[in-house]
Each structure stands twice: as structure tokens, then as C-alpha cells.
Amino acid sequence: MKKILNDPFRYVDEMLEGLCAAHPQHYQQRGPHGRVIARAGGAVSGKVGLVTGGGSGHLPVFTGYVGKGLLDACAIGDVFASPSVDQMADAIHAADGGAGVLLIYGNYGGDVMNFDMAAEMVDMEGIATETALVADDVASAPLAEREKRRGVAGMVYGFKLAGAKAEAGADLPTVAATARKALDATRSIGVALTPCTVPQVGKPTFQLGEDEMEIGMGIHGEPGIQRGKLQTADEIASTMVDALLEDMPLASGDRVSVMCNSLGATPPEELYIVHRYVAGRLRELGAEIVMPLVGRYATSMEMAGMSVTFCRLDEELEQLLQAPCDCAFWRV
Amino acid sequence: MKKILNDPFRYVDEMLEGLCAAHPQHYQQRGPHGRVIARAGGAVSGKVGLVTGGGSGHLPVFTGYVGKGLLDACAIGDVFASPSVDQMADAIHAADGGAGVLLIYGNYGGDVMNFDMAAEMVDMEGIATETALVADDVASAPLAEREKRRGVAGMVYGFKLAGAKAEAGADLPTVAATARKALDATRSIGVALTPCTVPQVGKPTFQLGEDEMEIGMGIHGEPGIQRGKLQTADEIASTMVDALLEDMPLASGDRVSVMCNSLGATPPEELYIVHRYVAGRLRELGAEIVMPLVGRYATSMEMAGMSVTFCRLDEELEQLLQAPCDCAFWRV
Amino acid sequence: MAESLTTEVLRDAIRRLSAQAESCADELSAIDGALGDGDLGVTLVRGMRSVAEQADDLPPDLGAALLQCAKALVSLSGSTYGTLLATGVMSAAKAVRGRTEVGWRETADLLGGALEAMQRRGKAELGDKTVLDAVAATVEALRLAETPDAMLPAARQAVREAIAEFRDRAARQGRARMFGENSVGKDDPGMVAWLRLLEGLA
Amino acid sequence: MAESLTTEVLRDAIRRLSAQAESCADELSAIDGALGDGDLGVTLVRGMRSVAEQADDLPPDLGAALLQCAKALVSLSGSTYGTLLATGVMSAAKAVRGRTEVGWRETADLLGGALEAMQRRGKAELGDKTVLDAVAATVEALRLAETPDAMLPAARQAVREAIAEFRDRAARQGRARMFGENSVGKDDPGMVAWLRLLEGLA
């Protein structure tokens, strides 16, 4: 896949420069190397801070979701690579308004190691942190080993719901508990149609035949659960919805937000074709869709494919989902 | 390029079904075949209606921009194909609040023919219309033959500025004049890196070598002005900015909105790298960027590439740009 | 041919044209496939079906009847041909508004007016190798005809000659234009379609 | 080796380790290239440079000095090795907080504590063929050493043996794990890096 870039090793830094130049009212670069993005207004005094972090190449994830009602700061690694411990510590500092900081990010080895370390470092300075790991990808491990699952698009619900809770003034244990409740009620699964290319590597992350797709593939090309011939939208959607419902059954009367998310190249036209099917399935079940999200919420640069996420809502979560939020990529 | 779809001949209809299922608060299907999308609330009595139309495959263009402060209705053709005269007439009816209707759409032969015909038809029923043609693509004809230029991403500024004027209660001649003033101050140019595939056709719309790009290519693959080796982001951006400035010089103190728009597959990361360059160039000139737009505003499904648009603002246009608007794809 | 055009005559013509569209559809789509997107047959069938569906409800006012036909013609397709035909019919509708009868000598002028409207609509010139050149040939033949019965045969003959004449020229409008010199030697789909319609009227 | 660990001794060790990192960088990156992403040499150089930069400013409180080292270690890289080393150093920092001197017999326990912290951090087991196995061998050798001067030679010998022992096993952690059986026969980059650091200390 062809890319519009200059030096591949400056990809992330130039991207962040452009991001902050375009949206100075939302984002501010921080840290000695500019690899932390904080809310333009800085930390909110007395509010629990929300910090995330991870590799680049997933916009709006992670950086994009820094904003009111969402995150306070984000540590940014190279494309598909973990940020460093001190970038994470810088992000925690940038988010700390004196009420502690929730670390909410995807379950990837390097990120976990580094965030744990950063948390210990700031702990010695007296900043309390809690962690909520996103592990929503049902294709990445069986339900019995749920803690091994990868974090994918479902993290957006984590950001939104915990972000709204923090904005409402809840304390750190409460915000952490809400984040965990939200993530516990969130399940995702994806399908990849083409790979993408990490700029510093210069060749596709994996190979997929001209007429093949892989259901359950991770956002960095991690192996999925079913590789086969490209199927119709309804067939693909049906496989994905079945997998989600098996993992988290929905019943008549349940209220649920659904996200049909493009991994990058797949256009919204196709997402709507899939949404049409997904909405039909939930209607059959008698479940009610609340605030469906259709678009590019968590991507892998120019990868073709998509993911479907269900987030089952109780009254509290539904209110938090509808609460206002504002960043350059999403406004409620 | 692989697509997630069912019957290629139902691509547009299933897409519209999904769109309205996901966003019933924004969109409503109209017309005997559902090929008109109107604001969920219907026409606004006493307000000038804004109607557009064109082929599918460009989301958010055209349909997506139906909403408050933007369009009232849209006629929707098959992918890259003109809607029919009677769909356009239906759209005009759906938008008519008794104060006349502005037709604002891209300068493509079939669309012009059909909209002119539709205008004559509704004229016989007493609905007054005016037309504002979008012809912003500087690569599609020299300045001397400006009326032959194609309409591309710049139409979004037309929708926004005329939409805000209509929302403010201006009469049809005034809204039309504002639309023309806005479009007159708008210039775009694009670069294509890969083709896209029309579902009903099933093969790419054109060929481009593994390491090639084409500057000035149209959003349906119409020929551009310079095909050559893929260059760096700054080189590409420099060629595009030069072309725009030659066509519409900007001077110190000018206020201008810039749009870095992905044609589909090109991720926002790369748009920000280009925005960084474009912002630098305008800063050098002493021109002030107002409300830059970076994202997917006018696409060609999964085509890789991007366009840059400049919209030079006077006081009135700047106020209209900042005025509130709301659709599923854009909120100000 | 009847001495004058009435809604009754129009109704009869619609039935013939509609039947003719069905039987020529495949041929026309194939020709359009060679120089365009291959939808011309389908376009004509759909358009004529929707006109025929309401043939029974046409009012005696010829202007109103033709307007109704024009609207029906554009009810489905987003194609150039449908829009152009509808444009022509609408021009005629405006010209005879309020009348229930039009004498045979007037029909050439009616079609001439339609031709002008179609030219304005499509921004094409005579000589661009489009349906316009077939319509122009028809207008000329109708003007020269000395009796009502001589009209149609003369028109068909003139259009056949026009098709032959344009065969070896390059198309300068619509999708066929993209074929450039490759359009030389091929008949313009729109002209052939016009000939088939005239043949169907007899 | 000195009889006890002080900030002065630490400062001297940092200078040696830093020089050693520079001279082994290419070798280590090459080994990491064969079983990972090839950044281990760069990681070590960057990390040690940033530790060395502030060696002169280290306070006499050993705990504070080590904490400062840990922070400097993670200042640049997002790599596993950097995080693990920093984790170990931070564990030691906590253990000696407020002290200015640590006797040589205690160092084995300090490193043992660091090992446990690294294990917790990386969620790896001993035997997974990682740097942990080299650190474990080091702890064992330090425990058995009878004089300060015997410590380093014994540790180096033990790590060389560990590397040889693990060579024919498959890696079970980190990027090397993806190589599966292809990792058999290859040395773990993290273990080799640990050996080179020990060699640099002498």
C-alpha cells in the first residue's frame, strides 16, 4: 500500500505536529520529545485523570480521544510499538489533577509492562493510579481465559464511559469501577481483508490471498480464528454477531450500543450495509440499539476490514454514553 | 480491492437502509424507491431549501451532509452514476419549505442535465429554484475555462456556507449569491495513489503502477495533470499548494479555511503530515488558517490519495463557517 | 399516419413504441455496451413501460398529456437518453399546452422545437454523432413530406442514411467520446435507438 | 570488586557499563535481529547513555541514586529490555532506600529481589529462555562466592553456561517466541546482553 509520508522514522512526530497545528483547541504536545498529547486546557484540578497509551497507526485511537468527557492525556509510541515508561509517566503527570489517575489501555504485553512500571514511578511521587485493561477481542482467547484477550475497538466505550464518569466528579475507585464494568460489558470481533504497512518496515504486515479474508484477526495482524474465501456482507456479519452473542448473550429488553468500525480502507458505505444486518439481528432478539456508532473509531492505517462491537448498557452506562464529549474525532 | 457487500446491484439501497437505521434522528428515506434522503424533520417551513445529488460512493458526500445548517435533501444515484430526474424532483419537493430551493452540486454532465430538467419540472408546479454549480478542481481545466471544471471536495464548503445562510433565514437569491460567492473562493486539487472499484463493475476504475501517483486525478479516476513516481508528502503537498496558489493567490492577512481530505484509504495520520506542511506554507505567506478540516469529507470509497482545498473567507463567510451544523458526519 | 395528432393517436403510438422497446432492448444494450455502459436497452424498456402504464389515463389536453409522458419517462432511469427524450417531449408539451389537436404539418416544427431543447439540455452540437443528428434528419424529412403517409417512411430512410453517414466519424459527446478514434466504424447507440423507435411507430 | 557498594562504586560501574554498551551494540542488535526486531543494541546504548549523563549528579543515598538510574534507563526506549532493567534497578532502589553503603554479601539478595520484580513485571517464568535465566544464574553464583573478588568471574562463568544450556531450547517469551522451533540453536539476545554487561564490569 502506498503512503504519503516523508521520513518513515519521523512519521509519528510529523503526524503529531500536524494534529496539534490543526486542532490547538483540543490537543497540546507535551514531554521532552512531544510524545505525550494532553488536553489543550491541561489537567482539570480535582478531577480524576484518564490516561491511555499505545502504538501509533490507529487514529482516532489512542491520541484522538483526548478531550472533554474522554481522556486527559495519551502516551504515543511509534507505529504499532509501545510508548516508553517515561512517556507514560509524563502522560500521567499531564493528566493528574490531584484526584488520581486511571490508566485505561489495551492488553498488550509491552504496554502492560511499561504502564505498570510508570504507575510505580509516579506512585513514589504520590500520584495514585488504578488500571483498567481493555480485553474485548473475543477472537483472541476463549472466555475462560478472558484476561489474555487483546484490546481492540471496544476501548472507545471504555474511554467514553469512564471519561464521562470522571467528568461527573466521581473519585478514582468509582471511575475505575465504572471503567471495569463498561469493559466487562463490551465485546468485539473483527475481520481483515488486506494488511497494512508499518512505515518503518515498508512492507505489508501479513499476506492474505486475493479472494481471502480472516475473521478474528487482530489490529496488528495477529492471527484470527477463521481464514477463508471472502464472503458476502451478511455472511461475514452473521459469523461475527454469532461469535459476539455466544460470548455475551443478549436478551429481549437488553439495551446495547453497537459499533461498526472500519479498520481504515473499508468505506462507510460498507459499514452501513453491515449495520443494516446487525440491527436486524438485534431487532429479532428484541434488544434495543442505543446510539449506534458507524465509522472509523479504531483503525490500522489503511487496512481493509472492519470490526463489530457490542456494549451492553445498564442505566448508568447509558447515561454516561449519552453525556457530552468533545475531541477532534467525536462529539456527543 | 476487496469489498464487504451482498448483491452489488443492491449496494446503494442497502447502504441507505443502514444509514437511516443508524441515524434516524438525522436522515429519512423518501421517494418511491427510497433514493432521496431528507432531514428527519422534513422541510423547514419558510426556509430556503438546499438540495444536492450525485452518484454514490463518496460518503459523507452527498447524502451525509443532509442536516441542520447544511442540506435539506439529496438525490442518490448508483455508485458514480447520476440520480434520475424524478429522484431530483422528489428531493426538491422534500426540501421545499415554500421559500424556493437552491440546487448545489458538482459539475458533471449527467447531473447538470438531470437537475436542469428537474428544475423545469418543479417550476411548472410553482417551486422556484436556483442553481450553484461546484467546479473547484483546478486540475480539471485552466482558469480561463473555469466553468468546465469538475466539482470535488470543495463542495463541502458550498454546503456549509449556503446551508448556514439559509438557516439564518435569507431568501433564495441571497442564499444562491452566498453559495456562488463561497464556491468562487474555493479551490481544490487531489492526488490519487490507487484506484477504487465500482461494485457493479467489479474491477478497478483505472491502473496506476506500484510506485506511481497521479496529481490532479478526479474522484472517479478522471485524468489528472501529472503522473509520476510517488513522491514524499512534502513534495506532493508542495505541488498541490503551488497549483492552488497560482489559481487563487493568497496574501498576508487573508483568512482561509483549508481542508486536507482523504479519498478513502489514506489514513488521517498521513493527512496530518500533509496539513503540517500546508499550514507551514500559509504561515510563511502570512495567511491565517480558520477552522482547518482534516479527515474524510469527500471520498471515492477505498481509493488511496487525498485532496487539498482552500476556501478564502470574508467576514460573512467566516461567520457562516463557524455557524452550528449537525449531521451524522460533521458537527460544528 | 393520422391527419392530426390527438391524445388518442398518442396513446396508440405509446403502445407501439413500448412493444418495440421490449423487442429491441437486447440489440440496443449490446450496441451501447460497445460504446458506453450498455444500459440503453434497459433504459428504453423501463422508460416506455412507465409511460405505457398510464397511457389510459392521459387527458385530452395534448399539452397535459405530453407533460405526463415526460414525467413518466424520467421516473426510473438516471441515463442520458431518458433525460433527453423527456426533454424533447416536455418541449412539445409546452408548445401545445391547452390544445386537443395538432395538424400533421405542425409536427415537424414540434419536433424541431424538441430538438432545440435537447440541444440546450445536453450542450451538444449537431454533428457530434448523437441522437441529435438522427432527430435533425427526422425533422428535415418531416418538413419535406407532402402527405401524412409519406412522413414516417421518409423519416426512417433519412435516419438510416444519417447513421451510415456518421458511422465513420468519431463520437464527440457522452461516454462514446472517451473511446475517441475507437468509436470510428461503430454506430452511435442513440441514433440506432431513434431509428428503432421510428420503425416501431409504423 | 570493592568490599561494599556505594554511590562512588555505582558511578564507576556506570562508566564501564556505558562504554561496554557502545562497543557491543552492533553485536547485540544483530543477535536481536535474528530473534526479534533488532533494536537491543540501540536500546542499551541509549539507556546507558542517559544513565551516564547524570552519573556525576547521583546523591550519596544509594536508594535515591538507584531510583535516578532507573528513571534515566526508561527515558527513551519503549523496549522490553529497558523496562526490565529499570524494573530491577528500581527494586534495588527500594530495598536500600536511606542507606549509603551495602556490604558485598548483600548484593546477591539485592539482585535476587530485582529478579523477582522483573519476573512479576514481564509475567515470565524461569526457564522461558530470557534474560531472567541469566540473572538467576548470576544470583546463584553471587550467593556461592566466598570473596568479593570471586563474585564477578563466577557470575560470568555461570551466565556463559546458562547461555549454552538454553541454546537448544525454544524461546517462550517476547518476540522470540513467535519464532517457535526456529529459535532453537540461537542464543537469546537478552541473555547475551546480560553477559556483555557483566564482562564490562570487570
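Letters A, B, C and D name the chains as they come in the text, with residue numbers starting at 1 for each one.
Please note the rule applied: a residue touches a chain if its C-beta (ideal position, glycine included) is under 8 Å from a C-beta of that chain, and two chains touch if they have at least 3 such contacts.
None of these values were measured; they are calculated from a predicted model.
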| item | value |
| --- | --- |
| Partner chains that subunit C and subunit D have in common | none |
| Centre distance in Å when subunit B and subunit D are each reduced to the mean of their C-alpha atoms | 59 |
| Averaged-CA centre spacing for the pair subunit B and subunit A, given as whole angstrom | 30 |
| Between subunit A and subunit D, centroid-to-centroid distance (C-alpha), Å | 34 |
| Shared-contact residues (touching 2 or more other chains) in subunit D | none |
| Contact graph of the chains (line, ring, star, complete, other) | line |
| Listing of all chain pairs that touch each other, if any do | A-B, A-D, B-C |
| Residues on subunit A engaged by subunit B in the complex (per definition of touch) | 1-6, 11, 14-19, 21-22, 56-57, 59-60, 64, 191, 193-194, 211, 213, 230, 232-234, 236, 264-276, 279, 292, 294-296, 299, 301-302, 304, 306, 328-329, 331 |
| Footprint of subunit A on subunit D - complex, ascending | 67, 70-71, 74-78, 80, 82-84, 86-87, 90, 121-123, 174 |
| In the complex with subunit C, residue positions of subunit B that touch it | 32, 77-78, 81-87, 109-110, 113-114, 116-117, 120-121, 124 |
